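One structure coming up, written as structure tokens, with questions to follow.
To keep things simple, chains are lettered A, B, C, D, E and F as they appear, and every chain counts its residues starting from 1.
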């Protein structure tokens, strides 16, 4: 049992995507001038969301809209909305960061990371574990509620700028590009189904997706290493939070998924989602909603600690644990 | 007959590319921050031209240089050059826009839209209708004459800046990037033929082309919706022109194509070309040649009205009508 | 013999990649506004290095780490480091350019061009000639030593700025993006082997690689033609050097490769590497290390003369010559 | 050349505020502006870099206009900067066709 | 530091005019300039946004030089702006190594 | 609005020097700066164009600060420009919240 898990973890470590992330991290750490142009990186991110959403929609079309989707969606919404409250309390009591930065950080951990999801599904695919297409919709649904929770936590203090920038803020929160593209592509996939997949198969999947993931992870490695080097406030407590929170919230997610009767693959992906932290959509929203929060705290935590941890250690770990719980 | 046409139109509506255009339009209309980086969008446009030109050249190589190409090319040149004169008269008499803006707008409608052509050929491919590779060359040939026509219409008044910027202007008109890349790729395809296609098949066609088209249409939806929202002068007459002119000029194109003995597929593509309006090459030329023309009129018309109309309604409509005429 | 060589050269001339380079050169020369956005071009270059490195690593994994790799690597290092000294002497005695510009130019010719290597391997593939995966590692190893040689040549004079900018300089020299990505991808390929290739096959090879090469060469044609038009100092001697040096150093490379017992394919690629000149990594290093060197001399030579020469004439020429020597 | 004196504002803000600021400039009386995107920077709120991941660049809005418009914009911005990052500098410039500013 | 006074021109134009304007600057006596690309803007000719479709950004040409060169450039530009969109502002700056401007 | 006088430096340099220059600005006493990437330009060292092949654009570093910081930066830059391409211009600007600069 444990041996298989270790072997799987080892195999994960040697997947091209992980190795390219490591290459990027090394290059960034050594201050090489290697870098992916920012518009290219943005386009790769859009492509990954396009593909994940579309593939998910097509698969959901094939398996039919089931009550599973409702359950998974509901659970995802609940976790995304509730986790920030718990995270806030923990951050405040253990990490000694100001309340507004704690609220913003909590939003990051309630929300999700698209690339961690992508890496997780590739891992499952490589392990031959099946999962439902609708998990892509769950991914999209989990982007936003955490932001609302952070706004509630921040409460009246945050309302002052919020009031003046409300239209911008609500747009950013509810219509952030990532959520719109993920849900939109999911719906397109749902509508066009197999017929659509015939046309787009080699685009959204296979080697192109793998290659784009590798290139994007290369860039993430570079950026994460630089971020880590620049991080001004790297307290032990925040580092511990960035690693332990994913595990704890992941365990909660496993049990919830088990209770809700998720399949092995779905439960693993759901755990990965809950354990992952946002680093694109939520920071953008926080800059508008909670401008006094310190990006020098939440970005290094989410991007340079939690993300690599999940990518390298977390994914195989969660998979092994879920195997043990869900049976 | 009509039922088949309606079914085809319905199928077109549900093609991934059209749905992604709709997604973009929705996102743009709702002011989501979803957007494709501008250099990525430009690169996608270049890729589409590269692929269209190259595939056309390879197919022309396979079928041999026939008199058909000469006929289609000649007809294309004639339509592109003559349509602006007619469009100018109609615009002036019905839309009450200044003469210089009318001349510039007329140039847009004489010229063609590469993406409408791409969507049209994908539509035909999905319907199993064959067409000639040399239609890509006709597309390239039709980019430019309309600009010359607009300069003639604008006449002596326009000559003042034209004289000073003549080298720049002529370069822009005759060597605009779109025309050079389309014709150049066509010629490369023509020279390398089947041997070249063996190497580039999966690049210029198949899922990659479909995917790039979807992403580009997503961006066009966003931009078109924003353009429409910003349009200052949205007179009923111009809206009507943007929808009725493509139909009327399309009908003329059908009959001409029928007289010239075009095949069903070629006649449909020719109709689509005539009915389409430029939104990249011609605006760029107009900014140099007719700087007093109001881009706030011609861009929303071409990009935000005629383009979506052709994409969603026009293509299946023209195809049905051509089926009825050409037999 | 000669007839076969001529036929091969003719076929090379008509390869899509070469024709797209010619198209770009024509467009650039005619001052068309056709251009590839700079971030797209940079991303294409990164993609080419990613693919070349990874494929090389996978193939090296398959054939095992042999003494061949050590021999080829050692020979590559030696040529890259020693060639600049010879080139410097020739440049100084024949071209009448200042010593510091001569040193910088010599570094370009000691180093290598990734795209020339890519075009060369595609040429061999089209001819059905096999070569070793580890040649990609040799490519990476040959990027840097030439820069060190130029610094030695420039000697004490260059030390003044060098001292102040040493950290930046050494980083640029030893950790330049191209070398890091090439070696890094090679190692990832080496580690993941066949298993990695299964996932990335359609990304790093086949039509996608061909298409990216065509697009990149289109851009290089445009840039090279513009560079040539702007070149201020185009002395006959420098033009001659840009064409004759590759041939002479290529001949030396052939004999060395033959002595070292390289296969036909490896010897050809090695010759191409030695004959090629850098136009990305070395100029970047020279701007830091030898800022007084005139970029108006070395860039047109490397990018607008030697590169097209090798691409169009050199590759088939070297291949024919190597066939004649290595048997 | 006949030139007249005007004020030039260089406004450094985060991109999410662009729409708001442009609208405000119009209301304040500016008849035009141009926006540029930065690649990196530093300030009281820390350093940033345009990366395509997790970070978006600050923008520079350049606008030229009359004293009154400038005064109004500064007032709005001084309020805005209480909440959000950014700085603004004002300088004296000469322009032709003064009626256009 | 020893510094001398020079003029700085900020020229906002459409990109198709770049080549012309740069050539003119050289003729007017400027020994250098730098060009930046805008992402959006607004003016008498309406608003624009760099999109990759149908629209190309306006550019900013910054050039520093002597009074005479500045005067000549303004003259050319005043003529140019009769036909084409754009604005220019002039300001006083100090530079080191005055002989280079 | 209450404003105070400060210096604005426009520093045109090659991108490889960015890190160095930013570090220097911090040491000189500047509390912030913004960096922009050019698309083309010309100067004593010839013309350049951002192309994605073989050439990288020059950058513009804009920084606003006090007289003393400005003086220190100019000194460093005057030394730097002995070896490397680039120019710098200084102008007078007004800013709000003077204590931040």
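In this text, a residue touches a chain if its C-beta (ideal position, glycine included) is under 8 Å from a C-beta of that chain, and two chains touch if they have at least 3 such contacts.
On a predicted model such as this, the values are computed, not experimentally measured, just so you know.
Q: Tell me, which chains sit next to both chain C and chain F?
A: Per touch definition, common to chain C and chain F: zero chains.
Q: If you take the mean of the Cα atoms for each chain, which one ends up farthest from chain F?
A: B
Q: Among the chains, which one keeps its Cα centre farthest from the Cα centre of chain E?
A: Result for max centroid distance from chain E is chain A.
Q: Could you grab the centroid distance between chain A and chain E? Build each centroid from C-alpha atoms only and quote it in angstrom.
A: 45
Q: Measuring from the mean C-alpha position of chain B to the mean C-alpha position of chain E, what distance in angstrom results?
A: 35
Q: Of all the residues in chain E, which ones touch at least 2 other chains?
A: Chain E, residues with two or more chain partners: 36-37, 91-92.
Q: Please set out, as single numbers or ranges, the residues of chain C touching at least two other chains.
A: Answer for chain C, listing residues that touch two or more other chains: 36-40, 42, 172, 202, 208, 284.
Q: Write out all the pairs of touching chains, ordered by chain label.
A: Every touching chain pair, ordered by label, is A-B, A-C, A-D, B-C, B-E, C-F, D-E, D-F, E-F.
Q: Which bits of chain C are touching chain A when the two form their complex?
A: Per the touch definition, chain C meets chain A at residues 37, 39-40, 42-43, 46-47, 50, 54, 171-172, 175-177, 180-181, 184-185, 187-188, 191-192, 196, 199-204, 208, 284.
Q: Using the touch definition from the top, list the residues of chain C that touch chain F in their complex.
A: Touching chain F: residues 36-42, 44-45, 160-161, 164-165, 168, 172, 219-220, 223, 226, 230, 232, 279-280, 283-284, 287-288, 291-292, 294-296, 299, 302-303 of chain C.
Q: Within the complex, which stretch of chain F touches chain E?
A: 10, 12, 36-44, 58, 60, 71, 74-75, 77-78, 81, 87-92
Q: Which residues of chain C touch chain B in their complex?
A: Per the stated touch rule, the residues are 14-16, 19-20, 23, 26-27, 30-40, 202, 206-208, 210-212, 214-215, 218.
Q: Quick check: in the complex, which residue numbers of chain E touch chain B?
A: 14, 16-17, 19-20, 45-56, 83-85
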